[in-house]
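These are the structures in question, set out in turn.
Same chain, two partners: subunit A is paired with subunit B first, then with subunit C.
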Partner chain A sequence: MQWRGAVAGLFALLAACGPAAAFDRAAIAGWSCAGASGMTEAANALIFGVASASKEDAAWAAALAGAALDRTLKCGGAAPAIETPQGPVDAVTLQPGAAGDGSAPLLSLKNRPLFETARAAATLFVGATPGERSAALGALERRAASLPTDIFERAADAETDAGLKERILGAGQAALLNSPDMTKRVAAIERIAATPDRRALTRIAALKADPAYGKDPAFKAAVDAGVGSIERWLAVSNALNALYNGLSFASILFMASAGLAIIFGLMGVINLAQGEFIMLGAYVTYAVQEAMRAIAPGALDWYLIVAIPVVFAVTAGIGVALEATLVRRLYTRPLMTLLATWAVSLLIVNLVRVAVGTQNLQFVTPSYITGGRLVMGDFIVTWNRLFAIVFAAVTLGLTWFVLKRTPLGLNIRAVTQNRAMAGCVGIATRRVDMMAFGLGSGLAGLAGLALCPIYSVNPQMGSNFIVDSFMVVVLGGVGTLAGAVIASLGVGQINVLIEPLYGAVAAKVIVLLMIIVFLQFRPEGLYAVKGRRK
Partner chain B sequence: MTAAIGPKRSLIARATDDRIVAGVALALAATAAALLAGGLSGYRVNTIGQFACFALLALALDLIWGYAGILSLGHGLFFAIGGYVVGMHLLEQSVAVTGITPDIVQFMGWTALPGWWAPLESFPVALAAALASSFAVAFAFGWASFRSRVSGVYFAIITQALVYVAMLLMFRNDTGFGGNNGMTGFQVVFGLPIQDPAVTKGLALASVLALLAALVGCRLLMIGRFGRLLVATRDDEVRLRSLGYETLRLKLAVWCLSAVLAALAGLLYVPQVGIINPRLLSPELSIEIAVWCAIGGRGRLAGAIIGAVLVNAIKFALSASLPELWPFVLSGLVIVVALIFPNGLLDLGRWRPTLWSRADALQPTDATP
Partner chain C sequence: MSPFDRRTFIKTTGALAAGAILPLAAPPLIQSARAAGTVKLGCLFSSSGTMANLEGRLNYVAKMAADEINAAGGVNGSTIEVVTSDPASDWPLYAQVGRQMLAETKVAALFGCWTSVSRKSVLPVVEQNDGLLFYPLHFEGDENSKNVVYVNSPPASSVLPAVDYLMSPDGVEAKRFFMIGSDYVWPRTINKQLKGYWKSKGIEESAWKEEYVPFSFSNFQTLVNQVRSFADAPGGKLVVVLTVVGSSIPDFMREFANQGISSSDVPVLGLDMVEADLEGLDTQKLVGHLNCWAYLQQAKGEANQTFLKSWADYVGKAKAPFRPDVAIDPMVSTYDAVHLWAMAAKKAGSFATPEVRKAFDGLSFDCPSGYKIAMTAENNYVSRGVFIGSVNEKQGFDVLWQSKDAPKPVPMSQYG
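On to the complex of A and B.
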């Protein structure tokens, strides 16, 4: 039985290599039940036949390979059958009615990767979603050298998703890299160099060890040109990555320091507990997540959006309470306010530490900010950082609107410019202070929400941001949004740009020195509000 | 602080006008005498020595905050400069006397202590280096800040950023001062083994006497012309400048003096605890120094000493029994002092129970001594 299967398999193999051969379904299903060597034949037949198979045959190949892998292929009955949730089906026709008894054939260590390759190859043609096909491609890329090259070409022809099509072609070229035909190899090198990423670099750089590199000058030139071009593009994409990370850091910094700057401009005090409002924002986000998990698990993905008003309300409320009980009583003593708000921050950190614990909080990453998009080279626009950036931009817009287009904003600006005169014309300056303090605290809370998907959240996290926020306030000047925006961008970008060159610490040192030098020329910051000096 | 109208009074009479200062000075002298007489346990002696260093540090801050109205939230920087220089001195001396290679050589991956540390083996050189380097740092930073008229809250948060950056810098191994581990394993102080009770006693005595000398010296300085000009700077700098005084020089002078005193405190502190690491540079410690002054009371020198000793006494007592309670007690103390005693415990005598006064009633200012 076995030798017959093996011989038939060999014939099938030869046939499959020829043009437009359809699967001999019955034979392949039979071999799958014919022990280890039969299964090898079956898998090879699937792999080599799938490129030229019809759509139904490819779907059948995927089902059969999958069944062998998942151990739902049953060999005990009269004909091989596949167990499905709807009952057993015939392994040849995929029609119901088979007797699904017997045991699944054992996959040997050698056969498992073959069947995996067969399933991936079939899925590449018939996978329902681009995601499925992309995963299949990922599996195939690892074994590209042992695959018939026409798999990639035909799959690329059939592919509808443009991005995936590019990748399939790339994988095909990678397989061609090892082809004996030198012109094909050179063409493949150029093709791979056109999509510059780290993997392409290692792939082409590895060719320097190839014997042809020393012998064939055309091949050597192609490899060197490819490596050079990829390295150039990688440098560009690394720079873009740094800029992008800097932008997301700056976004969070902006939300943390805009509140500080508004309050400082208005009342002349710095809230040293601002970092703890960020932390509270993150903890409230966590509370919302847990509440949604308990009440509406189906909508858990949307907790970040649901949390926005909750976080703002809670942190702004705490800010208003802090202003009314403490800051207001110290308003002629800004230096004492520093110490008092520091005491509040110490209190908040330790309350959270006692109540929740010191461990990092675990956040569910919602599906809409998972992953990212590869733009070029290694530069990936990750959705979680994009979320922070967009969120900060929207917050900036809303804050600008509040400050410039609402009565509250008008009052804040008036009191910032001249407190005594604003009081004289009937503005309730204490009330304005309270509202502004709430606004600033709410902004810090939103910063905490935005950083949940990016940074780790624990009771001490506030101190990571507070000193950078100071630098933003000092650099940007007080009481203006524009200053806070530009200074956060500056501080954020300088931090991440210097970091890869000299390390994170050097970045902070350089930022501080630059600020001290800068203050020699503009002691009031970038944008000084024209008003009475306090 | 009555104005000197009438016949000129003697310096001693004027210096002892403030009974609390005189009392604290007497108490310090008594402590020194008690240390000399002996009979205290080694732990007690060591604690007294540490408290004296903290008090000296608080005194240094009170000079600039209480008298010149400049709040520094980064005074730990100067404290640590003194500490690191004396740490290098102690390591050099330990190697010279015992020949044992200290741990720092091992975990820094060196073969011996860096060559440029060698001159610090002599104590006078180390003392001069500590004071000179803290003076240099203070001068450079103070000149840059005061020249551009950075003051008040701005100045406070920049000093906080300064100490934070210094902490990050010292946490790195590449900076060359032991990184995260800092310096420890000191064996010898002035040729004697560091565990010798005589060393403990000598260090504590030196700290108390240094504090006493600083208190007397600063008091004399502050009742003189310099002190009055400082108070004038604090109360109305613009007017003083209009009158033709160069306030930049005044502020720079008191700022550098304060930094040097803080370095001296660090220099005395490190041999007593036997370790120096970047945690001395944490922003929290620097804020705590200001808290000691605020709780004790600013602008009278004695308040800073009382505050430092009191707060640290509570801290030491709590960290032995209930360490997790300490942050709550500390924040509670600060909030109570901020709300009820605008000028710290020195206000106790003047305090009337008007806890819920109207918020916009006439309030004391930062400048109120």
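On to the complex of A and C.
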């Protein structure tokens, strides 16, 4: 109930006026176990009391709030207890000897942010490292409006790290947006406008309805300047977001279609099993992860890197085998290759289904690709997408190197340009075909690896990519890597630009229409291989 | 030329071998075996395609329920035989297989469909043949066929209570809503009704946004960007109402967590989200997001413990490729459906659809959810309890809220 929380907060605030008022630990711990409304009360008491609490009490507050969030708070016994690795401790004294039975209270949607704030506020005072305190400050800054005003001042007084102290004072200034002192308000506006995100814009733009906006010209100027500067930065960060999203989608498209560009371009084989090679790549990655879990659990985080050569070798091997047993026999009959590779794709999907099951595979997400970082304003770089982009760039570089700088690449290019002539000068075209098919399959496998941290991995995942990758290859021009790169960049970016305007469904339709129109005027695609075609 | 040279030998033996292997390798679309004194029940759940991971397990649940009934002596002196099929997540194929089952296999009732689009495609088939389809999913309502038994809840007793909870002071006092759905009938109808509901509560049209994505869409980057910027706009707390289905659910949740949005910032109400969708996700960062169903695995009560134990045993016995320790609402609904059918058939003393249908009035069953579910003569809806679940660290859902009793189902929505 709202008013009870408010009253509790008021009491805590009154108590806070006295020097180093102690928490009523027993009461707060008791509330934490007394259902949703009790928990609201407990969290408010913690938030409003922590600024004036003793160090010991603040540490206790951090422990209690943390226990409620991590669900190690147990409410079944005679007194509330906290489960720790060393055994249960009493929730009031933090001394061992309590009975840690019973169930953990469930945080409701409303109470979860309250307890997060309480934990962050307490950690700001008693966090062991500047890093911990800084993270706590980050959490508090977002909810500064709902905090007691003195919390930042007191935390800054207690802070020993100079840089962090500066930041805490800054956060404190930003919290004074509604202070009666006009200079403080103007300072707060400038402070908030320094982090130009959407939330800041909402807060400052709301001030235009403030009575002071009409009366005080300095205040009006500050608000207008703040809104203007945030809007400019927001425009930049939105553009960056769109670019980044387009680049990330393009990297996925490119990974999925690079192998196909080689296979389709070289042999004219329409390989409908390409998507399944992507899926196999993801499954091999999973196998590597499980193997590492068994052999070297300490290095499990690096399985994505370890898996790269394995995935390439396995999928390339399967590709070579497929070429040698099936595709080779059907070179003169393109329709049959199409049907045969489709059959192979169904076979692979169902084999995996029978052998592994239909569920999504459980991947460990390594720390280096979890989460993201707000770079500027609303522009966020998510690590898993960045991983895919870098991975695609490296793959592009290596593939380019193989095609342009190695004897195998020379042969592949020769056969692509003119098969009969290449045969005449002594290139073993059949062997080149096999190697190229292997290379293409290996690239598809690597695409599967890069997709593991982004998409769900299940036997059906491959079919999602086959249409997109053919689209890219045909648009780019059959058989050129550069074409595939430009086409995926274009398709990715256009998709991302259309999506917010007309929705994802329409974006797909519009992109496909654009490709159809484009191919009407340029049927050979963006880049056509020069030279005589068969 | 000798009459039996190498070439003809290879040809004939090859043909013979192929002839012998083919029927083994390609099982008929519908698997069944004939036996005396049996009554057949047909399952329309895909074990391949997008829905395989979700629908596949319902085949096993139907068999498990049938085994229970058979062990207790069967129905009307007959034992139940469950006939399964694979409509391969291909919506029109549901209708085709359904027709075949009703006309040729002569099943007494059909149990099946997950997506509303598959139910809509089977609907004319059961109506023409006067069959019975037990549909185990919560859905958009606005349909009332005498040939479909709606075992799960229409929006008035699933989605609306959940949205009410979010808008109440106990929830987050949600003021604004971002609806993201797959582009088909269920999300569109649900969202239409929600908008009508909000209008009736006096909420402005500017307070919501609505976006649709194609089936098995996975690139949610731009959409999550949009959610972030809408969340920071003025006007109060934002809630995402997620009606995407299949593999789009984990892909959305992953992107959501990666962009640093937690349930404290913007809670997601995933209307089709079940435990199976969280497989393979790090739920540490998703704690607190919501779903709403008529059953959650954490439901209290004896009946649930018994159900969970029988499922675990059955998975071991039947070597089902599904987790023995995960139970989702549609599984329980399918289980309820088979039992409800058996009770009705017993009460009617017949397997004929009109007789069974008449017997629905007054049926009640102790559902594993802990509620006593019941049917009336008014329609073929079943009254179920309402749960709101909250994602926990262990890829499951805790019960955040549950209704006092099973509300009476309202088939036709009054909103939109």
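Simple rule for what comes next: the second predicted complex is superposed on the first by the 329 of 534 C-alpha atoms of A that agree within 3 Å, B and C clash if a C-alpha of one lies under 4 Å from a C-alpha of the other, contacts with A are read in each partner's own complex, and residues count from 1 in each chain.
Keep this in mind: a contact is a pair of C-beta atoms (placed from the backbone, for glycine too) under 8 Å apart; a residue touches a chain by one contact, two chains touch by 3 or more.
Predicted, not measured: the structure shown is a model, and the values here were computed from it.
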Which of subunit B and subunit C A:R385 touches, first, second, both or neither: second
First (subunit B), second (subunit C), both or neither touched by A:M471: first
Would you mind checking which one, subunit B or subunit C, touches more residues on subunit A? C
Contacts of A:K508 with subunit B and subunit C, given as first, second, both or neither: both
Where does A:P500 make contact in the superposed view: on subunit B (first), on subunit C (second), on both, or on neither? second
Which partner does A:V269 contact after superposing on A: first (subunit B), second (subunit C), both, neither? first
What is the contact status of A:N350 with respect to subunit B (first) and subunit C (second): first, second, both, or neither? both
Given the touch rule stated above, what does A:L374 touch, subunit B (first), subunit C (second), both, or neither? second
Quick check for you: in the superposed arrangement, does A:I516 touch first (subunit B), second (subunit C), both or neither? first
Same subunit A residues contacting subunit B and subunit C, which ones? 349-350, 503-505, 508
Please output the residues of subunit A touching subunit C within their complex, sorted ascending. 1-2, 36, 71, 106-110, 112-113, 116, 197-199, 201-202, 205-206, 241-242, 245, 248-249, 252, 349-350, 353, 357-363, 365, 370-372, 374, 378, 380, 382-385, 454-461, 464, 495-496, 499-500, 503-505, 508
Mind listing the subunit A positions that touch subunit B in their complex? 264, 268-270, 272, 326, 328-340, 342-344, 346-347, 349-350, 354, 430, 463, 467, 470-471, 473-474, 503-505, 508-509, 512, 515-517, 519-521, 523, 534
List the residues on subunit B that touch subunit A in their complex, please. 65, 71, 73, 141, 144-145, 147-150, 152-154, 156-158, 160-162, 164-165, 168-169, 171-172, 283, 287, 290-291, 294, 324, 327-328, 330-335, 338-339, 342, 359-360, 363-366
Which residues, counting only subunit C, touch subunit A once they are in their complex? 47-50, 52-53, 56, 166, 169-173, 183, 211-214, 216-219, 221-223, 225-226, 228-229, 232-234, 247, 250-251, 254-255, 257-260, 263-264, 267, 276-277, 279-280, 282, 285, 287-288, 290, 321-323, 390, 392-393, 398-400
